[in-house]
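Structures given as structure tokens follow.
Note that chain A is present in both complexes that follow, paired respectively with chain B and with chain C.
And then the complex of A and B:
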């Protein structure tokens, strides 16, 4: 069976190598990819959208519909993780774990014998609890605000430089994940609760579709940002520029929230008590 | 307003899915009504667009207002307008039947389930309506991703089957994407019509041929074309009833439509049917798929697994029909696509109804079901007859077109496989009917029966909830109606969508 698989792989490789002989040379200025659509984008993107970053103009305006569904893919992944992993504790677990803070000893208390408030040196922990490192905790506390400010810069600066909603959203999400890793999931839970988190991830996609819905309501085609011109009192080119910004914000919100939604469910196996 | 109708087909369910997920955390009671509204809007706009296309001819909808090769467009002709309406209708009927099951789930799953359900429909419809090969890939991702999750939410071996589905499905999607990459490198375009216009000069190119083959193989993975079907039987056997009822009728059928779209619109018949040998190889592969599906279905002891293998067979019908290379075959393939979506919905809804009253769907558990669940079994009989191909159910007519096409093309192996599979389906379904009608044998003369429980007369009617049975019966009636209107469907819709050059 393994030999058969190897033969199949080799055959596929041979087929692709045979086909690749026909390709235009790498970086060939006369290749179809460089001569057919690209000249229009290079010449017109700035005129049409006032966006110097052509990549942003293509993905968030000319092919904005694709990007809307890329965002939806991210959202769908988050919803899928939630559906499959999340479960609520309806009954008490078979035992509780407590950590004796001064000595670091962990004791297990069977169900029904819950330790009450007078044991101040005992803290309730979960099975996945890991000792906190003060260096990591303090270093992350300093880093997180800067990471988030940089993320916002990446989101809004996508028009001019590499960046945009996906990248900025990932950085924002990473800052939340860093918070959860350096402290614990309960702290992160207090910062951004589960329902708020989930609603934000749907809201991000809704912002994107909402921009399209507004253009529909104004009588233009779906996602034709030029229709927003009248609404905002700017000309059509600037309207497209701003439309790109709006959808980028939607993407960033969706990506950030979904990343954290996936993290919290995967890290705690759906229980949301304690993760890595 | 009416020129904006195509946008509503996709936008309404997309907005609906987001709102449903939010409602799952705030107002749980709104989830189901929101899902219904988005499906009804999608179905209504699909029918509206179908009407527009039939009256005014194919239409183009420019997303973002950009002209075709630069922006993304919807290209709607009679064929995909028909498939859109079918997808929306099947999803709506199954959604009605799903409620009973979903309400029994833990409350926090409700919002997420309906959101994924509606997103899956969005993905499927988006694949059908789009006129852009890359956009098709993005929506394929949505349909697949949500499909994996919907399968995995089942019990028992569902998560493992879903993992297998993820792995195989991802390989398929990669093949498709690689093919699109090759096409882009050769033509510099992603728009279907634009590619078709730029291709004729490149017909001799090996890279274009490789793109064609890879796109087809990728689609076949997703359509479960034997021997690339390995993900399907387990996934559809272990998927919970609402997911199986959505995915089994639609996923493979939509992929078959995508294959036809690629063959007709992107590569055009002039290219797709220009390789005599390739055509014959694919038709023979279809023959193997039909026979293998039929044999594996014979070996199945579980009702849902049996249905899953029948799907493998049916995919063989449609791929074979499309690759016969004549107009009749393409017509038969399209008609069978519509009919098979309805037939599969019917039998999977029957399986869902049975799962309410039986602890498993093993064939041996079917004893006495005609007495206890008369409506479910009645609908299953119609569904079974349609899959076998008995007139006046719709399955007969599409099979008739496929066989005529086989005769026209001289593909005797294909005809033999169709007849063989019909016979096998006959055996399969009458085996079920026999168990359900004649067993349990009365206590007299059968010593192994335990007292009065074996008495046929002692069985009382215990039908599944009306919310499942009504959609099931409607679907079963729909099978007959589809059969009676086959001629109108072919002459009035499908024929308009096929390219004139296809003889």
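And then the complex of A and C:
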């Protein structure tokens, strides 16, 4: 079976190498892409959308259907992870562990027993816990705000520099994942609860599709942002520029929430109590 | 475009790709896969596709490596069969 798989892979690789010989060379001025498509975008993108970064203009304006369905794919991946992994278990774990914050002592409470009353000095910790590490915690606490501000910058500055909704959303999601790794999943849960997280992940897609629906309602084509000009009182070029920003924000929200949704489900095997 | 640099990175991409399949340890494979993504990111940057490089760095080398490590964390050391 292994040999058969190897032969199949090698065969596919051979076909790929054979077909790749027909590709135009990198940067060939006579290739179809360089003679037909690229000149149009290079010449018209700034005139049409006032967006210096042509990649953003192509992704979010000329080819915004693609980006819309890409966002939907990310959302679908999050939903698939949720449906496959998430379960609600009511069986209690063998024991609960608590750390006494001032002294660092760990207390084990066996199944069936509970701590009585309020204990502000005790915090619940994971079963396969690691000793508290102040260096990691403090370093992450300092880093996370900067990561998030950089992510917001990437989202809103996508018109002028590399980046945009997708990258910014991933970085925002990564900052939440860093919080969950450096502390524990409970801390991250307190920051962004599961229901809020799920709603955000759907809301992002809704913002994107909503912009399209508004343009449709204004009597134009789906996702033709020029139709927003009358609604916002700006000319058509600026309307397309702002339309790109709206959908980028939608993408960022959807991707951020979905990344964290996938992480929390995978890391805790669907129980959302403790992990990594 | 510097051809030598291109060749070095392409070689590293191939080493990481074969290594990620060949290594028995799942955590090692996940980390090699992250290194593979990062090398690809460098390749995109060399080719001038900065947006793609940015996406590859954040998604491929960053978040997907974390997902894989999180998934490996939920596996057992030895297979049951």
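Annotations
Quick note on the criterion: the second predicted complex is superposed on the first by the 214 of 276 C-alpha atoms of A that agree within 3 Å, B and C clash if a C-alpha of one lies under 4 Å from a C-alpha of the other, contacts with A are read in each partner's own complex, and residues count from 1 in each chain.
The definition used in the following text is that contacts are C-beta pairs under 8 Å (C-beta built on N, C-alpha and C of every residue); 3 or more make two chains touch, one makes a residue touch a chain.
Fair warning: this is a prediction, and the values are worked out from it, not measured in the lab.
The larger set of touched chain A residues comes from B, when the choice is between chain B and chain C. In the superposition on chain A, A:40 makes contact with chain B only, not with chain C.
Contact with neither chain B nor chain C is seen for A:109 once the two complexes are overlaid on the shared chain. Within the superposed three-chain model, A:152 lies out of touch with both chain B and chain C [touch as defined at top]. After overlaying the two complexes on the shared chain, residue contacts for A:224 are found with chain B alone; chain C is out of touch.
Looking at the shared chain after the overlay, A:72 reaches chain B, while chain C stays out of its contact range. By the touch criterion defined above, A:162 lies against chain C but remains apart from chain B after alignment on the C-alpha atoms of chain A. Residue contacts after overlaying the shared chain place A:262 against chain C, while chain B stays out of touching range.
Looking at the shared chain after the overlay, A:173 reaches chain C, while chain B stays out of its contact range. Look at A:214: by the touch rule set out above, it reaches neither chain B nor chain C. On chain A, the surface touched by chain B in one complex and the surface touched by chain C in the other have no residue in common. Looking at the complex, you find that chain C touches chain A at residues 47, 50-51, 53-55, 58-59, 62-63, 66-67, 69-71, 73-74. Across the interface of their complex, chain B is touched by residues 15-16, 18-24, 31-38, 40-41, 61-66, 68-70, 72-73, 75-77, 79-80, 82-84, 86-88, 195, 198-199, 201-203, 205-206, 209, 212-213, 216, 220-226 of chain A.
Against chain A, the residues of chain B that register as touching in their complex are 4, 7, 11, 14-15, 18-19, 21-22, 24-26, 61-66, 69-72, 106, 108-109, 112-113, 115-116, 119, 122, 126, 132, 134-135, 138-139, 141-142, 145-146, 148-149, 152-153, 159, 182, 184-189, 198, 205-211, 213.
Residue ranges on chain A touching chain C, taken from their complex, read 26, 53, 55-56, 162-164, 166-167, 170-171, 173-174, 177, 181, 259, 262-263, 266-267, 269, 275-276.
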